[in-house]
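Both complexes below contain chain A, partnered by chain B and then by chain C.
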Partner chain A sequence: MEQSFQYFLIPFLSWEMMLLIWAGVFAGIWVGAIPGLSVTMAASLLISFTFSWDLNHALALICGVFVGGVYGGSITAILLNIPGAPAAIATGIEGYPLAQLGEAGKAIGLCTTVSVFASFVGILALSVAAPVIANFSLKFSPRDFFLLAVMGILLIGSIGGGDPVKGVAAGAVGVLLSMVGMDPSTGELRYTFGNIHLMAGISFVTAMIGLFGVSEALTQFRNAGKKSPKQNLDRIIPSWATFVKYLPLSIRSSLLGVFIGALPGTGGDVAALLAYDQAKRTVRNPSRPFGTGAYEGIVAPETANKGAIGGAFIPMLTLGIPGDAVTAIIIGALYIHGLKPGPMLMIETPHLFWMIVSCLSIASVALMVLGLVSVKPFAKIIEIPKEIIMPVVIILSVIGTYAIQNSVVDIFYMIGFGILGYFMRLYGYATGPMVLGLILGPMLDANYRRAMQGAENQLLPFLEGFVTNPISLFLTLSIVFLVFSQTKVYRRWRGFE
Partner chain B sequence: MSDLSSSLPEAPEAAPAVKDLSVFVPEAHRRPGELGAAALGFLLGALGYYFALDMTSGEYSSPSVFPKFASALIMACTGVILLRGLKKDKQKDGPGLAAFLLPMDVVVVLILLVAYCVALPWLRFVPSSFLFMVIGMVYLQRGKNIVRAVLISAASLAVLVAIFRYLFMVILP
Partner chain C sequence: MKKRAAILVSVLLVLSIAGAAMAAYPEKSIQGLIQWGAGGGTDNFARAVTPLVEKILGQTIILQNRPGASGAVATTMVVNGAADGYTLLYGAENPANYRVLDLSPLSFHDLDPVVIAVEGAVVICANPETPYNTMDEFVEAAKGEKKIRMATSGVGGLPYVAGAMMKNIHGTEFNYIQFDGDGPGATAVMGGHADVMPLALSTSVEYIKAGRLKGLAVLTTKRVPQLPDVPAITEIYPEYAQYLPWGPFYGVFAKKGTPADVLATLSDAFTKAMEDERFEEFVKNSGGFKNGATGTEAVSYLEKFESTASWLIYNAGGAKKSPAEFNIPEPK
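== the complex of A and B ==
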């Protein structure tokens, strides 16, 4: 115990590490805020950059970028309705209406505060319950991941706007587009029409930048003369009473985030969407109706995606299995520095575990300070006339799209998705479900087929698994509950109507 | 902490808790081109299903299962939207299809956007982005503040290049 504490103190006693963590958080906030520039990309760039560095210093920088980057994605979602990363899509649903009401400062202030709280929940879970959660997450079968994806798809009811049929249609188009490219399990080409550029599939980040960024810019140009809302920046930090009010929701969503983050292959994006949906279903008296600027709709996804950071480290540090894309890159960094990630990592190099816990803790404190300091300059962005800001947004969208795989073709896709999104908005089709379909489509397809192959392509054994396996049964019942909770009978019973 | 809480916002609590039900009220009139949009969606679903027929099938885990399912779902949903649209009245005094879909500002920005994309591989990032920003800003400000537009474009481009190219080492188009 004493030794663990000593390991924990390593970053606190090194000014270089402290500086690197703070610099990482600062850079991460900006990288995360730009659509297309992801934490994954920043972490992979840093691996090559820090190749010759001491491992402790490299990890300090990457941890800082990770924490800052996940937070930064929400800033542009709130201010401009353009999520910097898929994990911030849900935040924009409530955050952007708040910015239009002149409450961007308060929204970002609340987002920062609950984010820091959730980061600590994730870190606490990592340091206390890592082996237990890691072993449990390994019990998830493809059928369970399929059920998780189905739960995700049910979010269309929450983010689909007013018309559920249009939401489902947009979501199904997203799933269909996610099928484009080479089937990962058989190598068969689907919807590629002999085009080499389509073989790798359509990146959902490209689609997200177009559907949110460019389509938002085009929609804004319909009202070119309209003035941007004046922001009230007098009181930014939420009061203690406000924080306490949202504490139960924050705890619930952070724990959901930790668990989803700990599942290999799922990260902050799925966690944030599930948490938003969960909040929408369970919060009885939101500060405003959901969809019009409910603060609860910011608290839930933000705490979930920050909780997922600590969660993603759990399987990585205990079993050597990445919880998400960033931790996969960190595993690569450990290999480069001569370590062997796996079950022996914590036994052979216990200092590494406690040092990462410590780096994440310092990064969370840095996030609190840097996040709150940047609220006013960030919120001022929205007051810039849209005739000036929107051309810059388009240029940023181009940079972000090109940076994904250095392809001009991706820019054309992005613009195409932007035009499609613009027309969709005109006819009342929400763009969120389409991105959701693009994100969850491959997860649905791959896990359904794996589960079916596990049942030897027999329908009955496949269906039996849903009720005979405890985890599958729990998830199936959760889905039944989610569907039931949408019915009038349930809503009347719970007093929502 | 008490000092802090007394001077800080009450907005989340004080926000009006009036339920906005307008999104649930179906529109009485259909928007210009609404039927066409639903028909295009249906066509997309039909084409998706048609091309999925070429994929390997025959088993519950075949690669064609989800493409067929998604295509069928698109056809079903857009079919419902189409039928619902047919029941609505056509808007009489509203804008025409072209004015509704593409107001002049959107047309100009779209043309600029396509021209920018085409010019990008030829002129490279800095000149094409600079031209796009200057022309876009000048047009959207109705020809006013040309010098300001040039200065803002140059400054923002310099900042973007400095941050992305040199700080984050991102390759620009």
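== the complex of A and C ==
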């Protein structure tokens, strides 16, 4: 115990590490805010960049960028309706209407506060319950990941805008596009027409930048010349009473985030979407109706994606299994720096665990300070005339897309999706479901087939699994409930109508 | 402001292109395309060795991950580029099987090896709760009524080929479940969602030491120092010797037809970098072995691997085209 505390203090005793964490958070906020520049990309660049550094310093910087980057993605979602990363898609649904009402400052302030809270929930879970959560996450079978994906698909109802038919149509096209490329199980080529670029599939990040970034910019050109809403920046930091009011929701969503983050291969994006959906279904009296600027709809996804940070470290530090894309890269960094990530990591190098816990804690404090300080300058971005800011958005979208893998083909994809998104918006199709389809399509496809293969392609044993395995049963019942909760009978009974 | 920047960038571009036409290699920065995603084995190898090579060459190597289609995307990009040594492929064994799997018409024959840097061994791993504790018991169980669930990384991947070896020798059939790679497959075996998986030593060694996985045998002719208690397969079944040595490897490649002096400069730089203490440490920790073959030695290494793997895949029924179509000789 005493020793753990000593390890925990390592970053506090080194001014270089402190500086690196703060610098990392600051840089992360900007990286996260620019569509296309992602934390994953920043982390993998930093690994080459910090090769000759001391490992502690490298980790301090990466932890800072991780925390800052997840937060940064939400800022542009609120201000411009352009999520910087998939984990911020849900935030924009409520955040952007708020910015239009002149409440961007309040929204970002609340987002910052609950984010820091959730980040600490994640860190706490990591430091007290890591082995338990990690072992539990191993129990998730392909069938359960399939069920999670199904749950995600149901979100189309939440983020699909007004017309459910249009939402489903956009989602279905997204799933269809996600099938392009190599079959995950047999390597068979699907919809590639012999083209090597199609063989690599369509990246959902590229699609997201086009569907949210460029299409939003094109749509905004229709409003050129109109005055932007005046922002009220008097009360940025939410009052204690407000914080307490959202506390139960914050706790619930951040724990959901921790858990989804801890599942191998799923991260903040899925967590945030599920949390938003969960809030929409369970919050009885939102501050405004969902979809028009409900603060609950910001609190839930923001706490979930920050909780997922600590969550993603859980299987990584206890078992050497990455919880998401960023921790996968950190595992690589540990190898390069001469460590052996795996179940023995905590035993052989216990200082690493507590040092990361400590770096994440410092990064969260830095986020609080840097986040609140920059609310005012950030909120000013909205007041910049559209005809100036939107071309900048388009330029950043192009740069961001190219930066993903230095591919010009991706830029064409991105612009194509941008134009498609523009027409979708024009005709009342939300773009969110399409991105959702692209994210969840492969998860549905691969896991369904794994589950089926596990049951030797026999339908009966496959179906049996849904009721005999406790985790699958729980998830199946949740889905049944999710569907049932949309029926009139239920809503009348709970007093929603 | 923007216009001025644009002019500056274009001037720099023109200058750098003009400059590249003369002077000794390497005159400008080199592009390094990594066949697999960030955080994977190929990526780790690339990022560990490159900073050391940069120092020796005195030029930057700009690393980019270009995953997709089992690495065929990056391979195609390198082959489509110029054979001037300014575009390198950091890759694994996959191009050996592209043709029989019909993923791409390319193969190692379209590349010049700079170095075969690191090779690994494959360990047959099982979930600790499975009833078999030795390779013998495992083979017996596999011949039984209920098919054992074997995790693979897809048709043609290393686990699949290892499964094909077992099929050839013991006549065992498995229920294959495909995962996104060694890591996710190992996770599934630990969680009990599959029973066994032939895994690269680098992925499995820490799990075996911690008791999360059971190592049944290593597909080598000698025991490996990382796992002294796990028998080499030939101790139990000498007939495996015909396929060995066989296993994963990571190397660096240039387009076929790269000038000999450029290739030699590159090979020397990588060979020297691999002698660095930090690289040795990396290889040891990641459960691999240094190979270091260059030139004709590397070419014959690749040919042997291609022959073993493609015929195994073909005989196991996983190939779309016969290796004979491409004049790949059958292994002796």
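List of remarks:
The working rule: the second predicted complex is superposed on the first by the 497 of 497 C-alpha atoms of A that agree within 3 Å, B and C clash if a C-alpha of one lies under 4 Å from a C-alpha of the other, contacts with A are read in each partner's own complex, and residues count from 1 in each chain.
In this section, a residue touches a chain if its C-beta (ideal position, glycine included) is under 8 Å from a C-beta of that chain, and two chains touch if they have at least 3 such contacts.
What you see is a predicted model, and the numbers here were worked out from it, not measured in a lab.
In the superposition on chain A, contact of A:351 is made with neither chain B nor chain C. Look at A:331: by the touch rule set out above, it reaches chain C but stays clear of chain B. Legend: residue contacts after superposition of the two complexes on their common chain; A:57 is shown touching neither chain B nor chain C. Applying the stated contact rule after C-alpha superposition, one finds that A:415 touches chain B and leaves chain C untouched.
Ranking chain B and chain C by residues of chain A touched puts B first.
When the two complexes are overlaid on their common chain A, residue A:264 makes contact with chain C while staying clear of chain B.
Of the two partner chains, neither chain B nor chain C is touched by A:376.
By the touch criterion stated above, A:186 is placed in contact with chain B and with chain C alike. After overlaying the two complexes on the shared chain, residue contacts for A:176 are found with chain B alone; chain C is out of touch.
In the superposition on chain A, A:449 makes contact with both chain B and chain C.
Common to the chain B and chain C interfaces on chain A are residues 185-186, 406, 449-450, 453.
Looking at the complex, you find that chain A touches chain B at residues 27, 30-31, 37, 42, 45, 49, 103, 106, 110, 161-162, 165-166, 168-169, 172-173, 175-176, 179, 183, 185-186, 188, 190-191, 214, 217-218, 221-222, 224, 235-242, 245-246, 285-289, 291-293, 295, 387-388, 390-392, 394-396, 398-399, 402-403, 406, 408, 411-412, 415, 418-419, 422-423, 426-428, 437, 441, 444-445, 448-450, 452-453, 457-459, 462. Interface residues of chain A, counted against chain C in their complex, comprise 40, 43-44, 47-48, 51-52, 138-142, 181-182, 184-187, 189, 196-197, 199-201, 264-265, 319-322, 325, 328-332, 335-336, 338-345, 405-407, 446, 449-450, 453-454, 456.
Considering their complex, residues 38-40, 43-44, 47-48, 50-51, 63-70, 72-73, 76, 101, 103-104, 147, 149, 154-156, 175-180, 183-184, 187-188, 190-194, 205-207, 209-210, 212, 278, 281-282, 285-286 of chain C touch chain A. Across the complex, chain B meets chain A through its residues 1-2, 4-5, 7-13, 15-20, 23-24, 31, 33-34, 37, 41, 44-45, 48, 51-52, 55-56, 59-61, 63, 65-67, 70-71, 73-74, 77-78, 80-81, 84, 100-101, 103, 105-106, 109-110, 113-114, 116-117, 120-121, 129, 132-133, 136-137, 140-141, 149, 152-153, 156-157, 160, 163-164, 167-173.
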